[in-house]
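The following pair of complexes shares a single chain, chain A, combined with chain B in the former and chain C in the latter.
What follows is the complex of A and B.
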């Protein structure tokens, strides 16, 4: 069908545009503050959670923990901080929690040196020759410098261990993508709209949950998350009733509406930037958990809960689509809106429910992503490309396609980090997409129509 | 050119309908149609005469620019399709008339979306009419043949027990054997008490089973009358039935 093909091309264009903030962010990570070597093997390819502490205006500091994992803290390790041209600023020893920090005169480039002599017997640096690290300090938040120590990080993992660990991470990440992408796919299926602002619904949910959890009423994360999902669902309903339904009623073309969603995405993203700020924050709950070792895979209780919870939610959605009246109506409207109307289905109402559900799921995905990585104002737009990839890979317009596609995209991106830099992982999701479409142009679960 | 006055106890009446898809271009230019209880009314005419547009305008799928549609005496000109379904009108489009990714059962459930509780009772009524569908209840509708889809589409529209069924070219694209089956089904449905408006390309077959028929041309009524009369009316034969009718 030529219409489908044109829409696929449009989606690819949208994806390419979504890559832009992603690339900008990858560059930011390269020049980031974690200059010490990351001795942990668990979070391969994931950004370190940013420290939640913020500093008073005008104060800059460098801090770190020994060992970086925070497990079995080592007391009395000495660190010296110098300016880039070798002038000593100060030194500090780790306290009982293994934490040290040095206040520096202001933002700028500094050098941190560890004194290996002060490490306890039997504990050595992973790389004994690397006792210095460069760090750039920004105003307002402490720069973290970490030095990996060998016998706490354990032996370097074998290929199979890394494969198992990255697969686990990929499943976790893929489930989050799947959840966020279901709404994107269902909105496309029922109305033909490519919602470029779907990433901002992800961000909005995560930011609202952060506000309720860590700033405003300081609710427990489960309650804050639940309320944030509801509020984002309401936002979805507002967008549908206030913007997209009137546009459809005036028979505005799909391409025009697509451009409107781009504008909406920019508007929402920057409104969030103004309100939330450009920094990354973590939720107040479930941080710094000890990993459980499950065979070759180590996972925090938080992440295990996320994986199980996501599976339950996705199974619930599938059951809803398969068994309930409104779910069947959603599939019917995706198949043929006019025939749905002719069958007595109130199509506008079904679309409204799809928007509420899709926005709520996007918010839930954002909250889970925020719990795993961190909350920031661009998290959703960075995820948008992967959501588009998942939706197209799985088959346009079907919720199941989004689920399967999300899982595949998550697995491919995480497993690729065994061989290549994490900042390139999105490229692999797109390569998988192109390969899959060459074999199955309609997507994995997309179906070709029988004619006649 | 309507032969009867409107509102004359008709179950469904369209009077002076002007309607179209693109602003400024009218496909229907003052079209009339009446359906009385128990009738099969055929709508025939050359390509582009506005036959399909007429039923879509009646069913609220095309914007009506002037004129009125009444159903059981009430004005339904601006009613939406799902409201009309609730009032007892069924519509089977010519193409895309099933939900391809839904199973046959689910298609029928969607036909009864407004009264889900009546499903088992309605299935018991519908199944004997469409024995081939009963064998394929779990199959995806997209995997059915064209003829089976047409049967499913009619069955779906009948689930709500409509008093009026609008059929848009039910025999189009089907093999002659399946066309026969479709016309047989239409007759049976009518015998069961459903009044039918049937748009058809196959004018000859349509006129054979229609009580009355309208011949449309360029968005207006050209002729109307009893089906058997029109079938043998030399003007109609010459203008619209053409070689097909003369050959028989």
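What follows is the complex of A and C.
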């Protein structure tokens, strides 16, 4: 049987490749004809309300990539577009592909300004005085505006240097995924529920911490983060007591509960969007640090703290699961809820503790991710599939599996960027998830039982 | 407050081309999830493959749209085969996660800059449906009644898409009441029992996945024609969740569920959204809801709430039969 599975996996890969035949490039014709009224009721229900880089049809646009080469795209660089007489049209940030675009009302002359402050540390404009460019937009064709970055003819890092650096980044990213995913795995282990809204707990924690740190009381990030973790833990408890325990009491099937968490995820994500808005923000502390050179790897003090802190938190969780009463009870309930109940464990209470702990850890993961990258309303839902990948790779239902799986996913995504475009790095993690399901559905640390 | 505009917008959305495309998608899900019980969370992936199949043939390869349409449908069928071969043996929740992962992989790969020569990368492909509009039989004027007006091009897409949706509703109803449909439902209800009676459960599920997948591909083809372009950003997972809400609202595993669900869903959603926009202009809304972004987000909050509440209190939908769709755990 495993042999047949492996062959079908290969077939899947080969087929996926065959789907993309090499075809001649017919050229970019830009926009086409607009063939419909764009009613103000927004009838394109599938469009995200937040700004995307999608070019609506028949509208002129200015776009560009950062850096111009398209190699190692830079995310989050801000561009502002004005008319020739200085009226602001709009602004945009580069996405994961380093692409930005602003829709302009029609053909004509425009001025584009780059905000050099939004360039990451260590990246500067080749000509620091040229932060503005003039551009003429023609009908039906996006105009491109490029700003050169970096020194001309700098040293390219060797393969080993890149490997070391990406491994370090992978460990950092992997630890964050691992932390966020522990709760997902434990909730599945104890109740059998696959929580699709777990990503929203990540976002919620990060957004609450941002509010406490940069908007409301302006607390230092450690305090703000601590309070945000507590609040998210409370939210986890509320979800368990207010939604999932009553549903279990109603004998709602796990399959239905799964669909309910999808609804909950949509609800929470867009409620966060209403409150927080569609823009990305950074925390007020620990920005713009100089990197330390540790051998072949350079890392900011902030990221080093995050790595060490995550390791301490994960070791603490492992110790708790091994040594304390409640930790042992959690493992027992994960193993066999009926037997645990029969031997006197208060299963409902254990599940409640798992929810509080899982939500709190998800929030912590979100805050760390927000500190490393930025906070936005979709950060958790983008992370969700990576968390699933981590949990399934490691073995659904075990906390240690989530930790191992998280590290693997982090390393795979970051190291893959040595060879492929960073916009594809998540594809590798998801492909690892699919392959893991085909070859070893019980995961690396999971026990072999019938789950197929 | 202009109520005629509010309800007019609702009515226009309920019968418009986008609703018709969602009806096709809901029919696709009805085969896969309703009759076969497959929780396919990657149905938007079939749509993407259908749309890009057409767009690549027309915009990249420069061939006729009439080759592009069958290629799009075929590609969706092939995707269903490839996806089903290894995953149908997995447990339902694993199947769901695999399908959503595959749909995300497809979206990320098509929008990647490394494939810009083939798929247009983040900019997508344009002008993929000129041939469709060149045979438009509707003369150039506005069609409709009162505030519900459609241009002749919209009218043409709408007519074709709804005709396809009605045709497929009929075909799926025939399939569902055929011996094949009965066996499929038996597999959904109790796979072991069906197998002990000599039915090849995996084969039945695979057939349902391919049939449903090709209908999803057709939804993608019509979407590419409707927007005259293909852009990977249109194929986010939210589309899948909308389609599930529509199907569950109308009633999974019912003949007319997808159509009824689509009309009710789009009418309600657009009426609410239009109402909120008017209220916004009148200054009636509380501060946190002001601005068009918040209004769009608020309607999605309502979709999420509706999906969760429907599953808890009325899992059979409006017209469904509660005994019909007893989901497996």
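The criterion applied here is as follows: the second predicted complex is superposed on the first by the 287 of 452 C-alpha atoms of A that agree within 3 Å, B and C clash if a C-alpha of one lies under 4 Å from a C-alpha of the other, contacts with A are read in each partner's own complex, and residues count from 1 in each chain.
Just so it is clear, a residue touches a chain if its C-beta (ideal position, glycine included) is under 8 Å from a C-beta of that chain, and two chains touch if they have at least 3 such contacts.
Predicted model, so just to flag it, every value in this text is computed and none were measured.
Novice: Touch test for A:142: chain B only (first), chain C only (second), both, or neither?
Specialist: Only chain C; A:142 stays clear of chain B.
Novice: Mind working out whether A:270 is in touch with chain B, chain C, both or neither, as first, second, both or neither?
Specialist: It touches chain C, and chain B stays clear.
Novice: Output check: A:262 vs chain B and chain C. Expected answer is one of first, second, both, neither. What do you get?
Specialist: second
Novice: With both complexes superposed on chain A, which partner does A:301 reach: first (chain B), second (chain C), both or neither?
Specialist: neither
Novice: Classify the contacts of A:108 with the two partner chains as first (chain B alone), second (chain C alone), both, or neither.
Specialist: It touches nothing on chain B or chain C.
Novice: Using the superposition described at the top, determine whether chain B or chain C touches more residues of chain A.
Specialist: The larger set of chain A residues in touch belongs to C.
Novice: Check the residue A:328 against both partner chains and state whether it touches chain B (first), chain C (second), both, or neither.
Specialist: After superposition on chain A, A:328 lies in contact with chain B alone.
Novice: In the superposed arrangement, does A:437 touch chain B (first), chain C (second), both or neither?
Specialist: In the superposed model, A:437 contacts chain C only, not chain B.
Novice: Where on chain A do the contacts with chain B and the contacts with chain C coincide?
Specialist: Residues 452 of chain A touch both chain B and chain C.
Novice: In their shared complex, at which residues does chain B touch chain A?
Specialist: 59, 61, 80-82, 85-86, 91, 93, 96-102, 106, 109-114, 116, 142-146, 156-157, 160, 173
Novice: Under the touch definition given earlier, write down the residues of chain A that touch chain B in their complex.
Specialist: Spelled out, the residues of chain A in touch with chain B are 325, 328-329, 331-332, 334-336, 338-347, 398, 447, 449-450, 452.
Novice: Spell out the residues on chain C that touch chain A in their complex, using ranges where they run on.
Specialist: Listed in rising order, the residues of chain C that touch chain A are 9, 12-13, 16-18, 22, 39, 41, 49, 56, 59-62, 75, 78-79, 81-83, 85-87, 89-94, 96-98, 100-102, 104-105, 108-109, 111-115, 117-118, 120-124, 126-127, 130, 133, 149-151, 153-154, 227-229, 231, 233-234, 236, 238-239, 241-242, 244-245, 248, 266, 269-270, 273-274, 277, 288-289, 292-294, 296-298, 300-301, 303-309, 311-312, 315, 327-329.
Novice: Which residues of chain A touch chain C in the complex?
Specialist: Counting only chain A, the residues touching chain C are 5, 8-9, 11-12, 15-16, 19-20, 22-26, 28-33, 35-37, 39-50, 52-55, 57, 63, 65, 70, 73, 95, 97, 99, 142, 194, 247, 250, 252-256, 258-260, 262-271, 273-275, 277-278, 385, 388-389, 392, 420-421, 423-424, 426-427, 430-431, 433-434, 437-438, 441, 451-452.
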